[in-house]
């Protein structure tokens, strides 16, 4: 796979989340050759780590299955995993990308039979669950991982565990001598779709994410609600595994804040509204959700979803930016202090669990992209410089929901195709 | 030739027989050990403090601070100004920031200073004594001089407001600063790291004008120190020290509590740890005696080779 | 077929060899499956295993192959043989991983494996490698309906990619709404000041591009054909009709502002000083033209105070106005407030809102407006009352918690919402259509059996229902773009239109190659109908979720292959079973059902047929196997393209041949449906509703056919469903029909 | 004099209180930047004693509630803890604005008459500017005796333990009554401050 042949009529897509996968497929289904580069061992990105989508409350893996089938069926898309683009040289229509590929220690022979996982003993943090639990050091990234191939955690290389894994594999799929390699790839256009990452919640000191066990982020809450998550889908709070029936949601955790992220992350209001459904699903009439907000930004058709949640007597809305969180030393409950600005009411509310609707920042801020792009003050790609063919897509360009990310990726695919077609015409 | 030299701004409360005179005493002893030379700014004046606002207005307040800078620049050029009082440090730092950002304001300030035959250039930095300790010297250096570790004393590090906000010590969090705990540990004491009233306001200057409200704050601060098993409170701020220490009796009367929690300055801890006498550490200046600390202070230790 | 050469390959890897008797499976393939060639391999997906198959295809000219190994979802790169018909028996996930590894289970596990081999052999012999649609449309021009920002962007972007474009605009000039604006909301750092709309530049670009042909003052009189071969009649005001051949269509018909005259509480119409956002843009443009400040419409007086009323007739719970938020209006009001502030900071501008919605960098624009002195007040406007010259705005201040008023307001701007120009709602029954006071004018005038315009999702918006696939309209090769799809601002419309342009390009490229569009992208199979057997019942033409099938004058179905998404709903609908695909037909599934070895009534071994949607239910079953979750050994699973493709004959055949029960597993239907073919699972459940009579005729319990909604995440639930159903069958007993089949 | 000042302000700004605050109150130009999140209100240690929270005061200013704001007791509840400043998502210098409003209310003579903090604040400024340094004893006594001799003696007596404690701890100097700490260049300081007040008045558009 690593010796992917590419020409200046190839489109290089950086990032294998839903935006990158979409851009790659839309371009390939127009008859273009695409190399899709993903730094993780499997495609899918952050959406695979979501339990449900708003507003339909459907499951991200449903669309992933279709997209994976499209990839499997389309020889024009070639996928490089555990690979990172470290350099892009050249000009529009004629780029050379340098790609660093980390060793997976598992080759194409792997049948995903799982024998290696049974053999190894070492446990490592499970990145798929934001390290809320641990997994074997030989693991399949997730149920729908593509490529459907195990990975060895680098920490066990050179240990007896690695040898055990190797011995357990009947198909000589484990190759402990794999080394990091660097390859060069030609491309006529580049689509940069490296997506987003949650803002570092520990930086929001008044909320004590780094001090209080029962203050978690919205992305972690997705894992708690997911049957494939660390608690098997039970909403249990970290401190004592107690059922979290009374949950607080703090909006703009990092967003709309000159001390943190200047921009509005757009999705967080809908995410919290959605997550109140998880609490309801789990605890029915005993569920109690409280959303602390500045403005509820349920934009366009999403308003309907907001209205639905608002009509639920078990969900309360308080117009307030929470001032600080304290922890009850005995119960480990969280106590939120602040003022409801609608009419000025002071509160000190106790909750089982507090979810920070954490803001989005680009996972690769513009200044770290190895090519010239026009960026906004938050490091999102705003535009492509004149005469360049490096196009942003999805959450690398803005805080977007899935729907908008896919739109953005589809648009990016066309911009890349315009360049490729020019090159083709020139060469014809 | 001293290791470090600074222009010293003790502030009103630290003067001889001032409410924080014990702070001054201990700072001097501590600095002697650390070979830090403090030269008092000649004829320094009050910073105006935040509480002066009703009459001061903006410019007069800045001018008060600008004067101290001007004096330092004139008499002690090239030396950072070091303040031990949180309010002095904050006031001076704010003035420096504002005058740097606002040309008009700086011009006005100098027009006023001319009246006193002075000029503010804005070259001089102002530092808090704590910054000198942890930034210019570092915990390791501070640790080297410890001869009497403050063994088995539990200290609650009470940082308060103005050493912490809005500027704070570099790299420290507003909600959970840890430098006091580190200083305590450097001095060989035990820090109550999960002390949850670290940055609670003691009422500040309103302790005088709004005693009931302030004493409710102080009650929480002391109570929580007890709850966390602390035997003493340590602070970097004269006003915090005074408020938290001297009103405990009042609080006991009002709330039927039995508070007798010694409240000390970090500098007093360091002085004792450095082998200084109770007097050198200004322990005689405690309204609530820090007995355990006095005991260590009188202990004779074999002089290290 | 003389040239058919069949082969079966049985893998012994991943524990298959240890768990089941591969030799026996081989024998079955040979004897019962009648495979010309049968080979077994200890590691079939290895280089040597794959090479073995390749050699057979080349040297032995194998045309049809069975691979009895892992699931069809695994090892797809290794087992990629596009030139031959291929059927994969899931022995790993479907048998050994979903059955307990115990001596007791050995027998039933073997039976499962054997049956899967029988089924695969039966299926593959009925399959053909799709040759692809013979008469494809090759026209690659793209029609864009609407000359606003969305339409012009789509046109320009498609042209940039080298495609010819026909753009039809009903007005006399290009520009649409954007041309009516004085400035637009900033879309670049520093997001501080209203920006030039750039609309003239864009229009000039359209007019100067020789690849783009523009029809002004024109509408679409008729659209016929299919992707790659649409024929469009463009009617001009003059009455002249131009015929255009195009390959794909982008509908960018935009929006109309909500009718403010309905907002009586805000006094619209009772004073010229109360305008909507469009009205304010008009004032701003006129003022700018005269180089004057905006004046009070009523008397040209100086404007000292302006109030902006957000969510006017939007986010309405009473049902009288728009229930949704139009998304763009907060930024627009900020922009309009800055029209005043930038010209004269002394003008008071107040924006009264309940939730201020300025996502992304809109936050900077909000801050900029505050810095320039625009006042934002969180409140609900109660009324706007004209006084002699000015207005009084009464509102409830939600922060100060009081009813209050702003007096002497010179101008009130109502932020009304977007109403999509989406034409006729074809899902509305005729009698409902009658009731409408304003008869909607069709945009596309599609000559489709199922109606003139794009099906609407909600509130008239022609949006996709799918979060992951926003461009999936239910009319192949026709894509909605811009505010007709969803409320949106200019920046998003530009992005959206660019994406729509790609989809249109993709549609024409697919059409040329006879390839299916999403979700079966690249599928070359297409429905083939034996018209001689057709009874003109019209079910296929009515039920096709994508309106792919028209009717000729004799009411026979006319299939438009490139409109088709290959779901097989027509095949499932056809009572006389004359519709089939080369690689998926009543036979390919029917023969599998019959191939299963059904034990006699004394065996105590029921057989349960599971027809599972390949999109969600089958992957769920697959992953259950991967997790080693076990389920009843009596089930025989057949993946189907969509429950919509399930023909009731399969059910009756199964029951007749002695199966004890049939489980249908499809996607959720109804509101928030999950069916990738929109209506498939809904139709299936409707059809199964009617099967009860059939069961009664056969004197069978209705429980013997059960339908389930299964999501791809139901990995733990699916085995449970199966086991519960198996228990149910045990309870009602084996089928009395055994041995008669 | 303050009445005149108030009249003049009213005349000058009619009912545009926001503009008045922006021009005449320290950091007043920041008021418009508040987005009503309320984090300041929740962060204030004396919060429960504020009749109007900072963010609400900012809204009242925009709503032109001049009288209510300037006569409010709330601004005088600020302990200068700066919690609001460091947490404000719009980075408003809230503490300074609140002080500024108090100062302005005081200047116009609208601040509550015997607001204790108001009294202490002026006392402090007078005390520290008289000789350039604070005379702690006079300051404290001044506070006690603000309502006359009798109540002063009462207060002093009530708090005698504190005084005594400080005295014993040598942290209170009875001789400060006669002669406290002073700057040598008192005159210079006086001149300097006089100038500062002149300039400030000019800049803020006060004419007295």
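Chains: A, B, C and D, in written order; residue numbering restarts at 1 for each.
In this text, a contact is a pair of C-beta atoms (placed from the backbone, for glycine too) under 8 Å apart; a residue touches a chain by one contact, two chains touch by 3 or more.
Keep in mind that this is a model prediction, so the values were computed, not measured.
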| item | value |
| --- | --- |
| Any chain in contact with chain B as well as chain C | A, D |
| Pair of chains joined by more contacts [C-beta pairs], A-C or A-B | A-C |
| Central chain (by mean CA position) | A |
| Distance-maximising chain from chain A - centres being C-alpha averages | D |
| Separation of mean Cα positions, chain B and chain A [Å, integer] | 46 |
| Distance from chain C to chain A - Cα centre to Cα centre, in angstrom | 24 |
| Chain A and chain D, separation of their C-alpha mean positions in angstrom | 51 |
| Rounded Å distance, chain C centre to chain D centre (Cα mean) | 65 |
| Residues of chain C whose C-beta touches two or more other chains | 378, 399 |
| Residue list for chain B, restricted to those that touch at least two other chains | 174 |
| Sites on chain A at which at least two other chains make contact | 206, 256, 319, 324, 341, 344 |
| Every chain pair in contact, whichever chains are involved | A-B, A-C, A-D, B-D, C-D |
| Chain D - residues contacting chain C, complex | 18, 32-33, 35-36, 55-56, 59-60, 62-63, 90 |
| Complex contacts: residues of chain C adjacent to chain A | 13-15, 43, 45-46, 70, 73-77, 80, 157, 160-162, 188-190, 315, 317, 323-327, 355-364, 378, 398-399, 401, 458-459, 461, 463, 465-471, 486-488, 492, 495-496, 498-499, 501-503, 505-506, 509-510, 518-519, 521-522, 615-616, 619, 623, 626-627, 672, 674, 676, 711-713, 715-716 |
| In the complex with chain B, residue positions of chain A that touch it | 205-206, 208, 211, 324, 326-327, 329 |
| Chain A-touching residues of chain D, taken from the complex the two chains share | 35-43, 47-48, 52-53, 55-56, 83, 86-87, 89-91 |
| Of all residues in chain B, those that touch chain A in their complex | 173-176, 196, 227 |
